[in-house]
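We just call them A, B, C and D in the order they show up, numbering each chain from 1.
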Amino acid sequence: MSDQVSNEMLDLDELRAQRASVFHRQLSREPYDLDEAWDFARSNAERCGMAATLARAKSTGDTVAIPRAGVAHWDAQLELMRTLSAAGAGVVPITVDSLTRSLKFEDAAKALAQSTPDRSVLNGYPLLAHGVERTRELISSVDRPVIVRANAIDLRLVAETAFASGATGFVSGPMYATLEYSKLGSLEVSIPNWQYIFRLMGEYAAHGVPIVEDAIGFAQSGTCSVPSLMHVGVVLDALIMAGQGVKHIVPYQMLQGHVAQDVAGCLAVGTLTDEYLAKLGFGDVRTYVASSDWNGAFPSRQPDAYGLLAANVLACAIARTPVNYVKTIEEGIGVPTAAANAASIRFTRYLTHLISRQAASLISPEVQFELELNLMEARAILDAVLDMGDGDPVRGSISALAVGVLDIPFSPNVHVRGNVLPVRDADGAVRFLDRGALPLPAAALRIEAERLASRRARSGSGELSYQDVIDDLSFLEFEEPTLPEGGDPHS
Amino acid sequence: MSDQVSNEMLDLDELRAQRASVFHRQLSREPYDLDEAWDFARSNAERCGMAATLARAKSTGDTVAIPRAGVAHWDAQLELMRTLSAAGAGVVPITVDSLTRSLKFEDAAKALAQSTPDRSVLNGYPLLAHGVERTRELISSVDRPVIVRANAIDLRLVAETAFASGATGFVSGPMYATLEYSKLGSLEVSIPNWQYIFRLMGEYAAHGVPIVEDAIGFAQSGTCSVPSLMHVGVVLDALIMAGQGVKHIVPYQMLQGHVAQDVAGCLAVGTLTDEYLAKLGFGDVRTYVASSDWNGAFPSRQPDAYGLLAANVLACAIARTPVNYVKTIEEGIGVPTAAANAASIRFTRYLTHLISRQAASLISPEVQFELELNLMEARAILDAVLDMGDGDPVRGSISALAVGVLDIPFSPNVHVRGNVLPVRDADGAVRFLDRGALPLPAAALRIEAERLASRRARSGSGELSYQDVIDDLSFLEFEEPTLPEGGDPHS
Amino acid sequence: MVTSVLRRIRVVVGSIGDDIHVVGITLLGHALRNAGADVIQLGIQTSPAEFVAAAVTEDADAVFVSSSNGHAGIFCPDLVAGLREAGADPILYVGGNLSVSAATPWDEVRERFARMGFDRVYPPRTLPDQAVRDLAADLRARGSSDLPEQGSQNV
Amino acid sequence: MVTSVLRRIRVVVGSIGDDIHVVGITLLGHALRNAGADVIQLGIQTSPAEFVAAAVTEDADAVFVSSSNGHAGIFCPDLVAGLREAGADPILYVGGNLSVSAATPWDEVRERFARMGFDRVYPPRTLPDQAVRDLAADLRARGSSDLPEQGSQNV
């Protein structure tokens, strides 16, 4: 490893040394025996591998629905995974609890001890507390590929344990985990942690165990964001993954409730990821675009939540994405019951089935418009970032973030400038209210401004402000019946 | 009245004579005092009239959601209507039971006596058994306009009672009620019954009580049908209504799950109704297009039913119809609980709210294609029907039906030829498999055949048959998870 | 696919009372005809008396009563009484959607119609093939010698 | 719309423990600032000890603890104990999404945190204005003479 963080592939000896040290420090033990792990993982991947499932879906035009789900107790987790499989999930998840994500393995173990099959004290499955043997048993007991879901700046042991246990999918990367998920972490610190994980995945792949990695990028979570900006994060994550030998990548499109823009986003993020992977010499990487249900606040009423899911499924089905990450009708309430999760999968699959066959007939000129705008903006930012790193996406990202050429709204991370503000136009499509220092082409800025004019016209002062940004947080809520005749419907 | 049934307006004296005779025969009493009825109905309509509600929605681009709902017991019916109003219904319904629809007023009264607030022995509200006074009380107790829903070939007393009680909306007309709803009734017999009702509505209107009438036409119920053919029925019903002085008409579009075709249908049926009303001199009639949820078999699983509703709401929201008749997530199971009905209204309103603002961005070229095809086909049939009646829609309908120039599939009525067969193309849009004797233009036939080629190509023999028509009955079911990797998901 | 499981068996089919649902009986008629039966299709809105008359004059082996609109409970008792009065004893099935509310438990419904005198009571969404199979079995149980053996069933 | 209901009141705000949800505390901070308060925004992933330290060194009148990820029950006891140990007694609120499962009854949750020592426990979707109103009332109850009278409240 060169001393400066870069996109260079980690030396194998260096990986070995790091493994020894991180296992020692975080777990006071020797690293897992990789030869043994590969043996198990290989036959497990052959039985039920995520890469094969996604490749089949991509080639047939199907969509694999994938839920999120994790509870503390082993028995409950198995039951949950089986319920989701029966409801039609094509890949089943193990969402890891957030104590484990913050490396508090012992606290997580304590909380596990307090959890029962009926009551989880943790917000996910404490992977380290359960360990490799028990998790292998779990994964072997379901008839679907398993993805382990976690986000944090240091998931090296979570990833080690996931892969050794037979997970054939993993989530996230440095952009998302650092800038959307951590207060103090910097890319300088987190990228090497993630490179370790990607390098490990590369080794698994080289030994016959293809593992799929989700590139979430800046899938702005909690608020909306302009699609092109989200794509930039996805592509950067993907380039960093590919740099370490990851061969199966899932570019993410977070859906935001504006169908035409969402469809365009799904198409754009696939195009951009393939384009920049090829440009940087990673042409052998296979990609499978995922649409992902709205990542911000959900309405709490069940029919409303179904309605929000419907708008998302629609975009996914029209874009015919091979993967769809499904939220639930209880997202706005709490960690969903298994029944609610299953119903959401079932709903998603029914509607996808109905709409995807008519997808071609629902592509509007507006989709094309959004797609072109997306591509133009994302390429401008990506090219500037890569330039700042002399072609190296790691160095580019770090430098660009420092000066705001990379910037995102509503980040909890102290290293982010946060000068960018997104706002919805009158139709609900997301535009730049303030682009901060993002290097957007003049043509794009003109279009963005034109599209905002409609909302500006409606707002009292004629000017849009931070208050509009806040108002947008409830864009996907619909509180009262706004009946034509007005009046109080609850009287 | 001329002796031959025609579209001429019924003479007022003749209406009086008929009223006396029908009240005497069916109810052994004098007709309701119209002056007294108009007084009540006028102030009631001013408080809460359906025409005003629809006019407001049409002008602001809103959609009024209207459920279907009727139970036997008065208290339960009030509770139901209040629940639906609170959930966001813009107009609330009183669905009349089918014993009352078949004039078995005494049997209905007996069944009412056996019903409790918790258990209805009837499939609707026995309007005659409750009578005018109680129903006025009911209607006065809700804060929404009320539509009375019933279909049969003789609803004269149901309509009399509905209007006298303050209903400002009524459903159906001769085409639907006769050809889709009756085994033995002929248009010759049923049209005069309906003309009585329409003439009565005309009188109410002339006395300051506008009443809205739904023109359902051939909204093929139970199976799918080609939209243009459905429109023909709507337009004929509307012309017969207008002929007797009805001033507010709701042209119906039954949604079938193919979004682009459904959107086009909503647009086409409005255009056609206005066009032919104007052509025949009824330019002062106001129309409000209604989309109506799929009228055939629903999936029984709740998430699937939500999915089907979603596809329908989508079409309604893209077409921005001023009215949406909403079915429920329990349609496939039985008369819905109030809670299920309310949830369905809520879902519909949430999704309409979200999608309708982005409607323009979702109009695809395919919508335009379907719209033009629709208009071309419907005009050809309508012109032929009117020709056969020398410009009179009543005479034209009767003659055309006899020779199959009017014809519909799957009719339970013995007077219908039933040579027409609809079938879905590979995308799910409905086409003519057999056009029977319908006078379709050659250009339309060519297009229909081209569009069916895709499905033909997929079917084994290369030919489509009655079996494909039967298979289409389950187009909106999605039984098993068809996972990319196959296998039994329930194992 | 025409088979002959029900060769020469005469079946009366219709929707009872004020019921106008036609799709179910249309499919039932098809399935029975495909299985070789002679189908007397009475269509929708068939009164109990018309069912009885058809059962007698057509010498029916079986009567399939369909009701979807929730009013089966109102019309079926007259049908059963009518058949008894006429001394007719066909195999008697009822199906469709037999209760009024989505909240009614199925067991209660089945019980009620079984007590009324129906040989079999079918829940919503019964597949026509199911009814064909059951009819073949019930006919065999009644000793209809015309029917092919169990082993030759191929529905 | 800046008012002065909370003029000169010092409020510590943050998400506790391993929680990374930032939107709620961002809005809370805004609302408190708009109401005239001095807001010490600790951001996400704030440890119990950091909360205690901030409460003490900033001489806070109130501490707003937010937790959305279901782990409030794991971190909050240390926070309450820490404040007691430090002899600090600010008005103490907790809100966000305090239980792990969608099936947990709210009463049970509220009860648990009230017993732990929080002055008020807020269910999900509490509007920031609600908290501002409550804080003004609680401060008045504690006799903070600086605050405007009840009548002048205009939130």
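The rule is short, and it goes like this: a contact is a pair of C-beta atoms (placed from the backbone, for glycine too) under 8 Å apart; a residue touches a chain by one contact, two chains touch by 3 or more.
The chain list, named the UniProt way, goes like this: A, B = Glutamate mutase epsilon subunit; C, D = Glutamate mutase sigma subunit.
Note that the structure is a prediction, hence the values are computed from the model and not measured.
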{"item": "Chains in simultaneous contact with chain A and chain B", "value": "none"}
{"item": "Label of the chain whose CA centroid is most distant from the centroid of chain A", "value": "C"}
{"item": "Centroid distance [mean C-alpha coordinates] between chain D and chain B, Å", "value": "55"}
{"item": "Computed distance of Cα centres, chain C from chain B, in Å", "value": "31"}
{"item": "For chain B, residues contacting two or more additional chains", "value": "none"}
{"item": "Residues of chain D touching at least two other chains", "value": "none"}
{"item": "Arrangement of touching chains [line / ring / star / complete / other]", "value": "line"}
{"item": "Chain pairs in mutual contact under the definition given at the outset", "value": "A-B, A-D, B-C"}
{"item": "Partner chain A, residues of chain D touching it in the complex", "value": "18-23, 26-27, 30, 43-45, 69-71, 73-74, 97, 99-104, 124-125"}
{"item": "List of chain B residues in touch with chain C within their complex", "value": "98-99, 101-102, 104, 107, 111, 119-123, 181-184, 222-223, 296-297, 300, 330, 332-337, 340, 410-412, 414, 470, 473"}
{"item": "Chain B contact footprint on chain A (complex, rising order)", "value": "52-53, 56-57, 60, 62, 64, 85-88, 90, 143, 257-260, 299, 301-304, 306-308, 310-311, 313-314, 343-344, 346-347, 349-351, 353-355, 357-358, 360-366, 426-429, 476, 478, 481-485, 487, 489-491"}
